[in-house]
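In the two assemblies presented below, chain A is common to both, partnered first by chain B and then by chain C.
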Partner chain A sequence: MPASDPPSAAEPAESTVGQEPSNANDTHKDAAKEAPKLSGAELKKQAKAEKAARRAQALADKPSGGTASPGQPSPISKGGEGAKGAKTQQKRTPATNVETRNLPVRGASQTTPLPQIPAKEDKTVEFFRHLYKPRRTTLTGAAKEVHPAVQALGLQMSSYTICGSCARLVATLQAFKRVIESYTTPPGNTLTRHLTSHVLSPQIEYLASCRPLSISMGNAIRWLKLEISKVDIYLPDAEAKKGLCEAIDVFIRERVTFADAVIAKSTASKIKDGDVILTYAKSSLVQKAIVQAFEEGKKFRVIVVDSRPLHEGKHLARSLAELGIEVKYCLINGLSHNIKDATKVLLGAHAMMSNGRLFSRVGTALVAMEANGADKPVIVLCETIKFTERVALDSIVHNEIAPADELVIPGGNLAAWRDVKKLQLCNPMYDVTPAEYLQMIVTESGNVPPTSVPVLHRLGNENQ
Partner chain B sequence: MLRCNYRGGWTEAAYKKAQKNHSKVERSGRTVRQGSSEVEKQKQPVGRQSGNQRPLSKPQAKKPKAKIPTRNWLASVYITETETKAFHLQTEEPIFQKNSSAGLAYIECRPYCATYPSKFETCISSANGMAPAQAGYAPDLSAFLKSLKVQSLEKSIENLISLFKRRQIKNSRSCAIATAHLLRQVVAKSKWSDLGKLLERIQQVGQRLMEAQPREMVVGNIVRRVLGMIREEAKEDRNEEFSDSGSNSQKASPRREPSDLSLSKAGAVPPIGTFSPLRFESNIGPDATFESSSNDDIFGKNSRPPLITSHASYAVLNGVPVQQSMFNLLSTNSSPSSTPVAASPVGKSAPSSAAISHRISTATLDLKAEIMNGIEEIIDELLQVDEQIAAYAQEHIHSNEIILTHSSSGSVQKFLLKAAEKRKFTVIVAESYPNDHEATHAAVTGKTSQDEKSVDEMSVGTFMKPLAAAGITVVLMTDATIFAIMSRVNKVILATHAVIANGGLIAAAGARIIARAAKVHKTPVIVVSGIYKLSPDYPFEFESLIEYGDPGSVIGYDDGPLVDKLEVDNPLFDYVPPDLVDLYITNLGAHAPSYLYRIVADHYKPEDINFHKPELQF
Partner chain C sequence: MGKKADASRPLTPGEEGSTTPPPLAGHPPALHRMATVGNAPTMTSTGGAFDIVETYHRLLAEDPDLTMPVAAIEALIEMLMHSQAVTVMETLDLVKAQSDYLKSRIPNSISLSAGTDLFQRYMISSLKPSSTGNFETVRQHLLTNGRLFVTRAKDARQRIAAYGKHFIRDGSVVMTQGGSRVVGNLLSKAADAGASGGNVRFKVIYVMNEGRNAECKAIVSLLRAKGVPVATISEGAVGYSMGKVDLIIVGAEGVVENGGIISRMGTYQIAQLAKAAGKPFYVTAESHKFVRLYPLGQYDLGIEQKVIDFHTEDDDILSVEEKKFADRTPTKDERMDYFENTQIAKTQTSSAAGAVDFTPPALISALITESGVLTPSAVSEELISVWY
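Up next is the complex of A and B:
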């Protein structure tokens, strides 16, 4: 594998970029309505791609400061993206290709220096290879359409300043609100037709390039697009924008703020005096629930289990300890010792899969497994906005691979790991917890077993 | 003080908890191994608040004191009292450290050692009065082995005890090698006229070593191995004597001398005729329940009554018709009593004293040489064990497998390297943060850690190359990702710290979740371990085997305000129950976990199993 990559990259970038649309094609095949249009657009795309490649060549001649992560020799095309990325692409009309081509151009400019370092090794782990994506950490190369608020948000996301499914969702919607506020429909267009494809799409694409969109973000964006498409075309701009902003506010309030409050209250009622609550990493919902229970005057202890490299649990432990809650903190190596003391396990979620499995921060499955082994109830706190119709059986098919360099401890032995041949570091972000480890899922629409996730998801969608 | 509040702060609650543990120790009497005998002796925990304001005990200024940097969160106080009860800060349970002569007691201070090795060096040298060792690096195994040659025996023992206590030798293989070398010195240097004295001496030294690091079961194993080997030698030796004086032996009187040796206590009471299964069971002691429950197949086959000395069993084994009186005679002989004659039957009609003394001297000399040889063999085994285990590697690993391993271990690394000679596969290494991750990273990137190096220098100079250099793809991942990738893993290979007789093991913290995740995914778990790690101990409460490490590696000191409010714990080891293990690969071959008790029975003599706990011997 690693050997076969450089030659293909060594060719003029045209080939790689040229492949890209057909790649995208594959993922779009299911979208039946796109099919006829695509075949027509194919030639056009091809031409555009060639033009882009030429431009890339020109760019490559200049000494460009490669912002790309060095371990990504293969051109990561948009087509390789998961269904989420594909979804957002689907809505794109061919006319927008000029803007979106920017990204592949960037990708091409990254790959062109490769032949100069022929021995560059592929540092990606084989069975996660389909998941690797370069992560943008600077603004260079960002499309000019990206709104400053979104630009800032993207960087905050890639640096984990805004981390967590719901936080990212709310921040994204707030940023999009500002995008909508500053939007004016160009003459000869309608807001309904123009906003989504010409304005929102580049924003979304930019955000996805900073860090893959969370499932809840995907849900919210789908909702927003639906809302935009429902706007009456004869409505004046100002009113339409006002209406959209209000709708966003209502959405955040209903699906997140109130939902959180309901879940926290419901979970707090499950915490009894003398309980020992074990939780993993940091979930804002778990934190809210624990704080609520504490404010209700319940006496209980909390054990926070944490792991490298993010150490999110430390923030949770800190904020709880500052409130005066008795907190014990340990890393995942102390899990099997501490699970015995626990009476309940509260877990946050990144998403709930339709087959009842929990998709959450990597390590959650271990906690649930140990809790199950020790016969401790596992309760998942999850807003319905995080439910998805997708299913997962293992953590490999769908995941997010964070940059491997996050694992390097400054000054440690790993500092020069890229120089060690055949050594790879792998840093997946999520894992999938089997449904049989979960006893209950607390949502704003009630407490359900994992088997009811698809039902709730369907009900939620029908309401829309 | 920041450091006292660190682990629950030694507040009232923590103290109560500790008291609870304390009483638990007293109740069960033997769950916590570290010197439960001392519990009765001293009820008052002296150093309870050592972390707080009050020092462990007034430094009495008899010995030069080392200046202790205040940053160290564990109080480290040198005292001159002979016996001191210290409080184990990290496990919240009292440990009792007995220190007979030099008087160097302290609370475990590994982080300190890591940070200020050179200062520690001075502490040791000044406290023990030994020649100042090479300044600049912490004393380790090789330094100890070098010092062994020049130091007096007692100083070496003290030195090793303090090295154990400070966890400056902590790798189980290093501990085993150090113990074996020290015991060899004990045999070589101490004056002993008969085997009883020697056994007693070794038991005494062994007990002190084990108390220094009660959770390092390997130390006890090596001591038991040496004891068993000496008994074996004695048995053979005496058998020769026996054949010489066989005609006389019929006359032997069943006289027994009261022995000061705990092991002979049991043997001394009943005449052999009254030997019964019941008796047998009680002799073995509750610690070895697995054995007593299966005594038929352990001892039935060779019909070796465990508490009768090995000599007797030997006679039986060889089909020598054993008469009642002769049996008694033999057991009298072999029971290491105060009788100076190791060889000649006690009741023999008096030969000339000159002949006896001559015989003693030659016999002792021979025996000494043989025993030294025996210990050398054990040391050789320790040095070769990894290669022996690795010899089985190619049977177990096939091409294109994905193998998950945890932490860094020389045994596992050699095992995988051996397999890599023939096959290509992928190894996923879980880094076992926060305790062994440095070593794991070093192993993965090819920088051998200090500890490993010292061991390797001693062996044939095999420099271990990193796995990646052998053409294997190595993937380093965090412990948390184990469940996520387990579905792709074909085999899990674990290293171990100690194996206990029920087939469970003590391994680096995190091993248990790995083993369980493997179980959930039906992935086979293979444990690679030398026989020397196999311990006859079988505690009911596995928690007592778990050592806790420096919480500072979980939350650093730079998080000062946070540290004050949190309880942080950092276990170093995990207990992995036998049902999570599929296979053990030892230097003797591959075994099912359920078979391990049998190997225990092969390697340790039942009378040695509880040698360090006289109260458990009847």
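Up next is the complex of A and C:
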């Protein structure tokens, strides 16, 4: 795939030049064709086209991320940005036709829109258009208030170096601890009123610009803000900071570390001799549970189902195999065959919605559906910190769209997809699994059916 | 807050596969050191020889209306009366050890464990060190309150019947199964309502269970005595009869965490047929039958059931060992043993008769409990509020 090699400064310009005129011609031609007839249907079509154009225009006019809809080749003035994004994202071999297209998303946010021909074909998928967000891959343009620890973390997140809902949550809280440690209340202010709005907010904003915040991060940040607001105004700075840092430590320990241990234990107790555990992609919690069961001396096999483009399951399969567990690795297209061998399906979660639905890596719903069809119990492992009061009916309203180029195999048939008219690629990160497919959710406060998610969520919030 | 205690609670590997629920939140770790399942815990402090298993069986035999969890609680209370434990820790230890012992001695301990768990939970909350300092007063309080619990549990059946009778409308045909006392109570209450000037006339289709003919017949003749037309069918005729049925009411041995029920063998298939026919399937259960157990399927109940038993020989009753023993001419001093030994033929029939199956929550329309009519998902809510 061409996008992965460090694009030289010239490339983007080339690609835009090479691509846009043809698109512009298309639209002109269309307009010309439609103009004379003006039947009812045609009028409607025309109005729709105009509206779309207006929308595109509005998008382009936006000051910060206007050009950043990932579909458009972002004009990158500094070659370094693209290079970084590409390198960290996935290793791809350089392809032959370099100048056809450019790495789209990462680093697009801070570039100022070049004067472009607006009628460029929108490569974003219509249903998901509201989800396309540029990802920051460099520090350029970051607010000066952003703490170095947070800066580094943001980049690690956008490059998937730190990946996974809980890992990101812990890393964020650790970084915020550093922020709080290096904070001094300016004269004439109090920590309670100043810290959240003037110091924490820019950090959060920056992190969100690197990659959308996970739901668990949102929960933790809400908790932290509440905790800061509870600090006594007259408390000396040093003590207040110490108290906050300790609170963060306790929070991580209780809601993540201990929670993980408890979940791993109770899941391991559900794994019996002779079981065949099927899991999808990689969840650190599933891994912990499997390792725990193995260490308890259970005899079982594991089937790791994986999918493109992230291939997270490979890491899981390898680390389990290295421990000496019998592992079978297959891609998701081998699922319906392998599900027959399985006795239990263990799934990780990005979040649990209040209507009992599971929000997890894209492909999870498919696995759960197949498992349900084959009458295999589906068990979700999830800390209560990942519970949210929101509900999800589909995976369109709330989701995260990863750069579409991750889907493209370098040098493959799709390598030049941006030049193909009316071809769009869509790479959502998550999907929503209906509650009916889930038999059990293992949390640190017990095993519950999906219908009890709001109850546990409420209890967890009351306890805080 | 309970979260912390939960997070740090120790889970012994020994509970894997048993119906013993994970140790209670808030338990001090000392509680686990005595839990040696299988050996009768030595009760040096009790003086007299008190056997909890025997007490449990006696209580059940004495009062046919007693359910297993309540009998277990009553046995534990009796045990407490005998005990001379002087500290809170000692008492908790004792109760835990005795319940584990009791559970290990009863073949199907699911229903029973609901009672012992509830009692332990109740003890922990009422024996908190923060309450009155004098242990003896706390103990007395516990004993009197424990009694209260037993009487309340018996009243529960009446309240369930009061709630449940409204489900039976005039002209409806009710299908039921097994010898559940709650169901019998409910139906006779509905029949009483019809007899005392009301206009509820209903019919009952009773699914007879081979292993429990006596219990079933008792309820059938009770209903018939009250003027309720009862048809008895075999288990094979359930699907055939489903078209004539308006609702199904069954009892349960235990209600599990996800709102499913553990009940006599055959309930699951009736529930499935009811679902397929779109008939409402109601379960009556006292809330002390709520168990901390989360089965993922039929074979995950934590108890060993020899329902499916493969053979290549036609020895329908006796195993190879037993056959050898039976075919042999007994020696003189063995004779007593030989003729008195009814155990041989009994083992298998009793295990089949006592067998249970698991009905998942998706097949259940509602659970009628003494605290109201609950949806299956409300059960887990109820359990969460009790346990966390």
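Keep this in mind: the second predicted complex is superposed on the first by the 347 of 464 C-alpha atoms of A that agree within 3 Å, B and C clash if a C-alpha of one lies under 4 Å from a C-alpha of the other, contacts with A are read in each partner's own complex, and residues count from 1 in each chain.
One rule holds in what follows: a residue touches a chain if its C-beta (ideal position, glycine included) is under 8 Å from a C-beta of that chain, and two chains touch if they have at least 3 such contacts.
Keep in mind the model is a prediction, meaning the values are calculated, not measured.
Which partner does A:259 reach: the first (chain B), the second (chain C), both, or neither?
In the superposition, A:259 touches chain C alone.
Pick one for A:328: touches chain B only (first), chain C only (second), both, or neither.
A:328 sits against chain B, while chain C stays out of touch.
When the two structures are overlaid on chain A, which partner does A:184 contact: first (chain B), second (chain C), both, or neither?
Touch partners of A:184: none, neither chain B nor chain C.
Specify the partner with more touching residues on chain A, choosing between chain B and chain C.
B
Would you check which partner chain A:456 touches, where first means chain B only, second means chain C only, and both and neither mean what they say?
Second partner only.
Given the touch rule stated above, what does A:127 touch, chain B (first), chain C (second), both, or neither?
The answer is first: A:127 touches chain B but not chain C.
What does chain A use to touch chain B in their complex?
The touching residues are 125-127, 307-309, 314, 317-318, 321-322, 326-338, 362-363, 365-366, 369-370, 373, 394-396, 399, 407, 409, 412-414, 416-417, 420-428, 430-434.
In the complex formed with chain A, which residues of chain C make contact?
So the residues of chain C in touch with chain A come to 1-4, 6-9, 11, 13, 15-17, 22, 257-259, 294, 296-297, 300, 361-362, 377, 380-381, 384, 387-388.
Could you pull out which chain A residues touch chain C in their complex?
By the definition above, chain A touches chain C via 254, 258-259, 261-262, 265-266, 269-270, 272, 296, 344, 377, 379, 436, 439-440, 444-449, 451-452, 455-456, 459-460, 463.
Using the touch rule from the top, collect the residues of chain B that touch chain A in their complex.
Within the complex, chain B contacts chain A at residues 402, 426, 431-435, 437-438, 441-442, 444-447, 466, 468-469, 471-485, 487-488, 508-510, 512-513, 516-517, 520, 543, 546, 554-555, 559, 562, 565-571, 574.
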